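What follows is a pair of complexes built around subunit A, which joins subunit B in one and subunit C in the other.
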Partner chain A sequence: MSKNPPPLFRNPVVRWLDERLPLFSMLRKEYIDYPTPRNVNYFWSFGAIATLMLLLMIATGLMLAMQYTPHVDMAFSSVQRIMRDVNYGWLLRTIHMNGASMFFFAVYIHLYRGMYYGSYKKPRELLWILGVLIFLLMMATAFTGYVLPWGQMSYWAATVITNLFSAIPWIGEDIVQFLWGGFSVDNPTLNRFFVLHFLLPFVIVAVVVLHVAALHVPGSNNPDGIEVKSKRDTLPFHPYITSKDSLALIVFGIGYAVIVFYAPNYLNHPDNAIPANPLSTPEHIVPEWYFLPFYAILRAIPNKLLGVIALFGGVAILFFLPFLDRSKVRSCRYRPLYRWFLWLFVVDAVFLGWLGSKPAEEPYILWARLATAYYFGFFLVITPVLGIVERPRPLPVSISEPVLKTASRPRAS
Partner chain B sequence: MPASSKPLPFPPAERRDFLGLLAASTGAVGAAALAWPMLDSMNPAKDVLALASIEVDLSPMEVGQSITVKWRGKPVFIRYRSEEEIQQAERTDWQSLRDPQSDAERVKNSAFIVVVGICTHLGCVPLGQKDTSERGAYGGWFCPCHGSYYDGSGRARQGPAPKNLVVPPYDFIDDTTIRIG
Partner chain C sequence: MMKRKPLFLYSLLCSLLWACVLAPSLSLAAEQATVAKQPWSFRGIFGSFDKASLRRGYEVYDQVCASCHSLRFLHYRDLETLGYSRAQIAALAARLEVEDGPNDEGEMFSRAALPSDRFVAPFANDEAARTANLGALPPDLSLIVAQLAGKGGADFIYALLTGYSEPPESFELTPGLSYNKVFKGNAIAMPAPLFEDMIAYSDGEKASVERMARDVAQFLAWASDPSLEQRKRIGLRVVIFLTLFFVVAFLYKRRVWARVR
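Entry: the complex of A and B
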């Protein structure tokens, strides 16, 4: 470390603490002074939104956990009690339940932002990989949480998802029994899912800390995908980005509140209002919307093992994106071809999601196969090939150049 | 604006400070609006409050008998006092007690003394509900945890207990039935 800078804090207590444990300097460096490219747009607010969603989920989840009973005979009614008897229990539960959806929504946009502007490329590969890890942990958290209310959908989701592991040759059945702690989804399963659902969010917090630490080494990417060249290219995080993020958060919060207060069950399945019954499966069983594209991939493939591999592969392939894309240009703004294939990829993913909500019959299966082919083709063929053959458009000289050019133009009087 | 002065990049500081404070206080109100439901969810829920009153039929009790009923998770002692016990409780020189209360203030019907069976020292359940149990020198209840003595009116007489045993809110709804809570 270099020599100590002059004291940053006037408050003597803060200074005393900071000289011994530089927490305040650290927060100041990372959340006040942090130089952010001046051209970042609102897509850059979704990381902050996701962070606050995580904290909100933990806060409401802790309150729910104080009322919830992880036992097959009591779980369902303890959730009903939260809805009817606990003070504001209905509010905490609807915030938590719909919060999972809002959290995934924010993270999907965050992830797509990274793809569109090439934020996963050198030097941010590890940052991206940590992000995909968070996404995986979120999926595990949401799945275990969905099991807790112990309705019909909870029970059958637990059964179907754990049974995915039975596709593993030789040891599959043993693994599934290990996950269940028995010969079917039952009390030991519910109990351990509750523990995991309680634990994983805190693991996510830890990975988010690493994610942000890895971000603050090279700094944020930006819509032009070019490097910061001078101080003129950046603005301090506070107040410029904090106020921008706050506005984004308010708009996001309004949408969230509309769902919580006016359509709290819109994203729910009515079957989950029926207590779990191990002897009968609901007629139409589908996962939560945020899992639908992967579910469609699973059903598109008529072989058990290959279907499960494709399902997990659909997520795992994101880990490899930094190494599949060889193009030196980050932002799709300057990639005239890749940009359209990427938009088509979004359409494809949404289409897969829609197909996932449909029954497993023709013509949906055929469509799901085509969409699955594009999904993997995009990563494994289009991305590597375009990285070599595409001719990118010329990049601007610097981030500030286009901004300051317009600003210094003499104003009409 | 005079040509010599540099244009200010921001509005004057006072206005910014005001806006900053306004934004921060709006955030604080929002946080409080979320914190309140979260904290209130830990208060007793409706189903807990619904169990907060019970009815007890006293008609099967005999003179000298004590029963213990559960009210809000706590023991409530009911004792059908003999004439002698009533006399003793009423004759006590209550003004000199550490928590001065007359027996009349503590009963609705002098035959029945109804108290919460929790020692006012640190919360143990005193002995004295069984005929055979230790009642201490004052004939009421005796707390074994740290040696508090209560008399037949449930008043603290000796030992560390600072207060008399609490009389729960109750009413006679007919001659032989009380509703506690």
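Entry: the complex of A and C
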């Protein structure tokens, strides 16, 4: 937020363009000069990682879409053609397929970072809400994408998930038929899922632009969760944050490459290599790992309608987090109690994910009920109550002070 | 400032654990006799297929399995990867007939298969295949190793083909089915397909049941995942490149941050 006049560019073409449409000044302001708190850690790199994942998904997805055929009789073999006959088709597909997992992995960490350091609190509520919206759109995109290869899991996941809407009283059945475009998951369903899967990523791009715009108004939060007080608290985005983000990106890229090249089917269900068959139901129908916690919540509840409400509520409740947490202190570093409940929440979510992969039988159902209770209890009881009763530790005066002091002091303990 | 790193690492670990250990555990179904791991040459970071074994495996498929199982995602031209020449492939394909047409008079006709044709299936449709096999469908084998990955993939195929025996006293075998120690329920509609010396390998190797089972299992692993070798080769280069890139980026980052620390 510097008040300097817009920088002059030396290149005459750039200057000519910039005087008429200040794109270059804008990019410079937002991605070079953008003052970032100097104490941000590697958790802050996951936004950049997620953005690049989105672009990579769009690039590989566009190339896959040029070879893919959205028809029930041809979808499976067109994917096999991509894998066997299209030049580097196997590479495109394994990047795209595992990219969905890596994208969710990055976004889950990004989201958790926001929770741990209180990035959702005033003045960043709208920023957080836009983030949850992206998460929802990603779920819809990944779900419609998973249906496209038209394997057994594609078909049965589509059947199970669309059928959830039939729980809605009175109009449920009509909604399901409307989604299907017929009386079962069939060609019209596959066709519209392809259209939606093609469209939604571009909607995500639009929301990401808003997300970043909303970020650059108050600026980035930081691990201490305190306001930026002076210029000494911040560093320009480039080269400081860019050099740090590059490092995180490369490490992330190495992990991604190992999966793509050495274990491309590790996260895949083997049944999805079997062409869809409406007459044969797989033994266990399980969603992709990133949906498992929500799947466990759905199955924990005996009543179908309430289960569906809990499933969507589990995501929707994230929208309300800024208003449920009344504590003025952002960072968990200074919240000695909340911190432990938040870690327990992570363990709970991972546990729910594990339960989601298990068959719906005892003792898993009982465990899933307890874990679901904690999931909602965390948001609806623990968060509001601790916001009032917890005594936070004293906050540092400013970002630069503790950092500069420890740096100049000889190492203590 | 000691607190930051463990926190970061811990959450990374949690998520990794979830992604890598817990998620795939979902594919484990109840199993029959255990499937032993075989020393496949295509395992591991540098692993690649054994071309001679693949060619023998193709001979087993061609002379034994092809009478019941299709391989519909493969083309005859794909055999070039196994080391066959174009002339050999044309001759292999020409043994089979495919329906083509219509011709200028509007008639369908049959012609010899070409290298560009898909492997010709033994039955016209699933119904015909079932009728010939006691109502059981011999599955298409193009992706069988990927489909059976949860049970052991190529290891399972080897165990299945070598797992036939007389049923134990107590076991009631439905007439027509065969006893197999790794098949689900132990009663399979596929009669034991392999017998000692039933085919003559063109490279002179002795056709023992184990040899044939190993060769055809490797051949099917290749059929399921034909890009395996290229994938590992490119993967190694990508990982080495990224590692070097990491070193450069690390030095750069340290120099940049030295100014403020």
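Methods note: the second predicted complex is superposed on the first by the 400 of 413 C-alpha atoms of A that agree within 3 Å, B and C clash if a C-alpha of one lies under 4 Å from a C-alpha of the other, contacts with A are read in each partner's own complex, and residues count from 1 in each chain.
Here is the rule we go by: contacts are C-beta pairs under 8 Å (C-beta built on N, C-alpha and C of every residue); 3 or more make two chains touch, one makes a residue touch a chain.
Everything numeric here is computed off the predicted structure, so don't read it as measured data.
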Inset, instruction - Check the residue A:N41 against both partner chains and state whether it touches subunit B (first), subunit C (second), both, or neither. - result: second
Inset, instruction - Check the residue A:M66 against both partner chains and state whether it touches subunit B (first), subunit C (second), both, or neither. - result: first
Legend entry - subunit B versus subunit C as contact partner of A:Y108, first or second or both or neither: second
Legend entry - subunit A residues touched by each partner, larger count belonging to subunit B or subunit C: C
Inset, instruction - Kindly classify A:F9 by the partners it touches after superposition: subunit B alone (first), subunit C alone (second), both, or neither? - result: neither
Inset, instruction - Answer with first, second, both or neither: which of subunit B and subunit C does A:W367 touch in the superposed model? - result: neither
Inset, instruction - For A:W354, decide between first (touching subunit B), second (touching subunit C), both and neither. - result: second
Inset, instruction - Tell me which partner A:F165 touches in the superposition: subunit B (first), subunit C (second), both or neither. - result: neither
Inset, instruction - Using the superposition on chain A described above, determine whether A:S246 touches subunit B (first), subunit C (second), both, or neither. - result: both
Inset, instruction - Answer with first, second, both or neither: which of subunit B and subunit C does A:I254 touch in the superposed model? - result: second
Legend entry - subunit B/subunit C common contact set on subunit A: 84, 91, 239, 243, 246
Legend entry - Parts of subunit C lying in touch with subunit A, wherever the complex brings them together: 1, 3-4, 7-8, 11-12, 14-15, 17-20, 22-27, 29, 45, 73-74, 78, 142-143, 146-150, 224, 226-227, 230-232, 234-236, 238-239, 242-243, 245-246, 249-250, 252-253, 256-257, 260-261
Legend entry - Interface residues, subunit A side, partner subunit C - complex: 38, 41-43, 77, 80, 83-84, 90-91, 94, 101, 105, 108-109, 112, 116, 223, 235, 239-240, 243-244, 246-247, 250-251, 253-254, 257-258, 260-262, 264-267, 269-271, 273-274, 283-284, 286, 289, 292, 333, 346-347, 350, 353-354, 357-358, 406-407
Legend entry - Touching residues (chain side subunit A, partner subunit B) in the complex: 59-60, 63, 66-67, 81, 84-89, 91-92, 239, 243, 246
Legend entry - Residue numbers on subunit B that touch subunit A, as the complex places them: 20, 23, 34, 37-38, 40-43, 45-48
